[in-house]
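Heads up, there are several structures right after this.
Consider the two complexes below, in which chain A is the common component and chain B and chain C are the respective partners.
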Partner chain A sequence: MLELAGVTKRFGGVAALSNVSFTVAEGEILGLIGPNGAGKTTLLNCISGVYRLDGGSITFDGRRLDGLPPHQVARLGIGRTFQVVKPFASMTVRENAAVGALFGSGQAHLAPKAAFSWADEVLELVGLARKARLTVGSLTIPDRKRLEVARALATKPRLLLLDEVMAGLNPVEVDEALDMVRKVHAGGITIVLIEHVMRVVVGVCDRVIVLHMGQHLAEGTPDEVLQDRRVIEAYLGEKYAARRHG
Partner chain B sequence: MSEAAFSTQPSRTGRRIRRAILIAFLLVVVVVLVLPLTLTQQAADANLDPTTLGIDFAINKSIVRTETTIAMFVALAAAWNLIGGLTGYAAFGNVAFFGLGAYTVGFLTDKQHLSFALALPLAPLVAAAFAGLIGVPLLRLRGHYFAIATLGTGVAVGEVIKNLDVFGGATGLFPPILRHADALFFYLMAANAGLAVVVTWLVMRSRFGYGLIAIRENEEAASVLGVNTTAYKVGAFALAAALTGLAGGIFAQWSSFIDQESVFPIQYNVQMILMAIIGGAGTLFGPVAGAIVLEWLILSLAGGGASAVYAQMGLGVLLAVTVIFVPRGVVDFFGGSSKLSLGYFRRSLRETSV
Partner chain C sequence: MAEVLLEVRGLTAGYGAGPVLHGVDLDFQAGELLALIGANGAGKSTLLGVLSGLVPPTSGSILFAGRNLTGARPERVVRAGIAHVPQGRRLFATMTVRQNLVLGAYLRRDREVQSDIDRVVGYFPALGDKLQRVAGTLSGGEQQMVAIGRGLMGRPRLLMIDEPSLGLAPKVVETVIEVCQSINRDGVSVLLVEQDVVVALEAADRGYVLENGRIALSGSARELQDDPAVRKAYLGV
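For the complex of A and B:
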């Protein structure tokens, strides 16, 4: 479905991503893990068109994505959230989601009324329906993360890129968020998620890719990757490995 | 707190009060709209009868003039609101579009001997085309960089036109005078003001409007949701330019003499922004209310030497007070969600008394 080949992105002299290649198959949940600064968010920015590549190519269903502006990538059916939430602060929760519905993939001529009813469905799915008429300012952090997901879902994506939607949530909230991800996935949406919470990665991911210093370090099922010596050295640490096996 | 506390549905008495205010407002609008017709008719009658010539005539003319000027600023402030209020790009050079519209009409009527009726429709087109042209590079800038770039553009356009002999150079242009047309100019300006409000209303209800507000709130998020940010920003800029250019075109014929100083005044940039912000940037009627009140204040205070200085000082203080205490404008103060608004006060009274 999505294919990255030799993706390279430099900021000045620093190579944030060098020669990263992998594919995402339709229907899977792919985890993207790695230490801070590994290039995970940069990779999402490259896919969604926020950054231009310095090398390599990205194709989505056979169409080249690199070089396209973000709005065209969105309309092809790729939705994303931001690690640091970026809500439309003066709008209500419902209006936030409606913007996604109004402009997303294949929605070019959706009338505002239809967009709002689709927004309501999406808010129901992520559990924000009761707060639809509140402004964003009165939402808690977990709710703001849900709103990010709702807005991206409202664009009717076929591929959803989630950037640390569970960071900063307490264990109960993480469970709720996991449920939400499973529900979204059950709706037929392919998911790529960046996550530091290993419980999430093991819990929902079919496959995991580890990035380290802008490079593709390892790839495999969650169990394989978490036992990989290189991954333990670069990211998880000996204590984590000991705990898992101890 | 219950769900009802967040309800925006007005209570029954609230609705009755609102209806009364609306009717009173409509009455005022009718009087304001009809007044110029009767006043200029009296003036025309007075013109025929030399014995009554004098003070009444002058007063009537000046009332119509005041109303026309206010209508012009309503259009300018409402047009600025499209790019500055809805889209959140603080354009400081909209006077360039006003001047371009004015010079389009001036050039076509004076140098090309086209009639005013034929020349006027071209004014908004020229202004919008220019906005489209400069909008593509300028709207890549954000915040004060954009403000300064537009300010510079506004000044530059005036200077360039002043130095082109085709456009009359420093002498200016003289559209042929239309006699007894005071009422016509008022109605043209008022129609343009009305058009600006209707356009804003349509934009705010549309997909286009949601896109603009999304850009204002977070441009990056808007773009990954599918908003073509460049096209939308340039579109809003061109729409604002068209309405501003139309006002300039009407102004050129109304004043029957234009030069760089009269149609590229830098203070218009500041005034239209002040009006929109004080009234409530990003709202439908805020810029209208701001323009009426402020321009009326400016016209009535700036009569003599010393009072003009006080008027300027007063405007400055007013802006500071507005931005600090009611940043979302006067319209928000009366009905809105601001904690300093009367609406908030009323709601909290109701909640605590129950």
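For the complex of A and C:
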């Protein structure tokens, strides 16, 4: 479904991504992990058209994405969330989701009424239906993350990119959010997610790719990757490894 | 018996739409590393806000090292020896690491600020060659180190750290928590608010569980780790 070949991105003299290649199969949940500053968010920004590549290519359903602006990538069916959530603060939860519906994939000239009805569906899916009429300011952190997912879903993506939507949740809240991810996935959406919370990676990912210093360090099932010595050294730390086996 | 550092009684506070904290009691012995855990929205950050003078209490009392700090303004709280490392780091992003650290010593009149910068670098060697870097360009883990360092620069007796693990790689979380423990061993009392309950209870001496603005449970970290209700509600096991 998605293919990255030799993706390279530099900022000044620093190579944020060097020659990163991988594919995402339709129907998969792929985890993207790695140290802070490894290039994970940069990679999402390259896929979603926020950044232009300095090398390589990105193909979605056989169509080149690199070079397209973000709104066109969104219309092709790729939705994303942002790590630092930026909802429209003065609007309600429902209005925020409706904005996503109005500007999403192939829905030019969608009537406001239709946008609101689609917004209601996605809010139901992420578990925010009861809070639809609240202003965003009154939401807790987990709910703001849910709204971020709802806004991305409202664009009707076939591929959803999630950037740390579980950060700041305790283990039980993570489990609730995982149920949401499973529901979204069950609706036929392919997912790529960035997380530092290993409970997430082990809980839902079919496959994991580890980035380190802008390069592809390891890849495999969650179990394989979390036991990989290079991954423990660069990312997980010995204490985590010990706890996992303790 | 150990000296009582902080005594909170019947603390109530909120933001207009009704109280967030409903009569919180808390006892902190000097030298402890205390973990405060609870779901999002339980009132943990609000409690830190009240303790540091950012959120006015509507009732209750705060006694710190024998002084009444109830409703005190932030600068008085800092002068009394409480430093607050806020959630999300809140660094001065366009200033250098050194400038951020120096600002943490804003209220001090002594000449030992430079030696305290060295002390911060001693805790976080990764910052050693980055003092002239603009803080906003550092990685999330390094920014968290600067935030904790800035808190230390006020030479607090109590360091309150709100969710240091947020958005950090597991290995960096371990480093940051280990440093919190060494700061504590060096004589600073630490109040650690943390969603990573496993890590927090491993590091802490004692813990408090905040639920819907009330202290639902408190005990030694070991007791809480083994408590079936805590395991179910916060550890998800």
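By our rule, the second predicted complex is superposed on the first by the 245 of 246 C-alpha atoms of A that agree within 3 Å, B and C clash if a C-alpha of one lies under 4 Å from a C-alpha of the other, contacts with A are read in each partner's own complex, and residues count from 1 in each chain.
Please note the rule applied: contacts are C-beta pairs under 8 Å (C-beta built on N, C-alpha and C of every residue); 3 or more make two chains touch, one makes a residue touch a chain.
Nothing here was measured: the structure is a model prediction, and the numbers come from that model.
Chemist: Do chain B and chain C fit side by side on chain A after the overlay, or clash?
Modeler: In the arrangement built by aligning on chain A, the partners chain C and chain B fit side by side.
Chemist: Is A:213 contacted by the first partner chain B, the second partner chain C, both or neither?
Modeler: neither
Chemist: Which holds for A:170: it touches chain B only (first), chain C only (second), both, or neither?
Modeler: second
Chemist: Between chain B and chain C, what opening angle does the Cα centre of chain A see in the overlaid model, nearest 10 degrees?
Modeler: Approximately 90 degrees at the chain A centre.
Chemist: Have a look at where A:5 lands relative to chain B and chain C in the superposition and call it first, second, both or neither.
Modeler: neither
Chemist: Regarding the shared-chain residue A:15, is it in contact with chain B (first), chain C (second), both, or neither?
Modeler: In the superposition, A:15 touches no partner, neither chain B nor chain C.
Chemist: One more residue to check, A:237. First (chain B), second (chain C), both or neither?
Modeler: After superposing on A, A:237 lies in contact with chain C but is clear of chain B.
Chemist: Does chain B (first) or chain C (second) touch A:112, or do both, or does neither?
Modeler: first
Chemist: May I ask you to decide whether A:202 touches chain B, chain C, both, or neither, giving the answer as first, second, both or neither?
Modeler: Neither partner.
Chemist: When the two complexes are placed on top of each other via chain A, what is the minimal CA separation of chain B and chain C in Å?
Modeler: Between chain B and chain C, the shortest C-alpha distance works out to 7 Å.
Chemist: Overlap of the chain B and chain C footprints on chain A, residue-wise?
Modeler: In chain A, nothing is touched by chain B and also by chain C.
Chemist: Within their complex, state which residues of chain B touch chain A.
Modeler: 6, 205-207, 210-211, 213-214, 216-218, 220-230, 282, 337
Chemist: State the interface residues of chain C toward chain A in the complex, per the touch definition above.
Modeler: Residues 17, 37, 39-41, 139-142, 163, 166-175, 195-198, 232-237 of chain C touch chain A in their complex.
Chemist: Sort out for me which residues of chain A touch chain B in the complex.
Modeler: 48-50, 69-71, 73-75, 79-80, 82, 86-91, 95, 98-100, 102-105, 107, 112, 115, 133-135, 151-152, 154-155
Chemist: Show me the residue ranges of chain A that touch chain C in the complex, using the header's touch definition.
Modeler: 34-37, 83, 138, 140-142, 164, 167-175, 196, 198-199, 234-237, 239-240, 243
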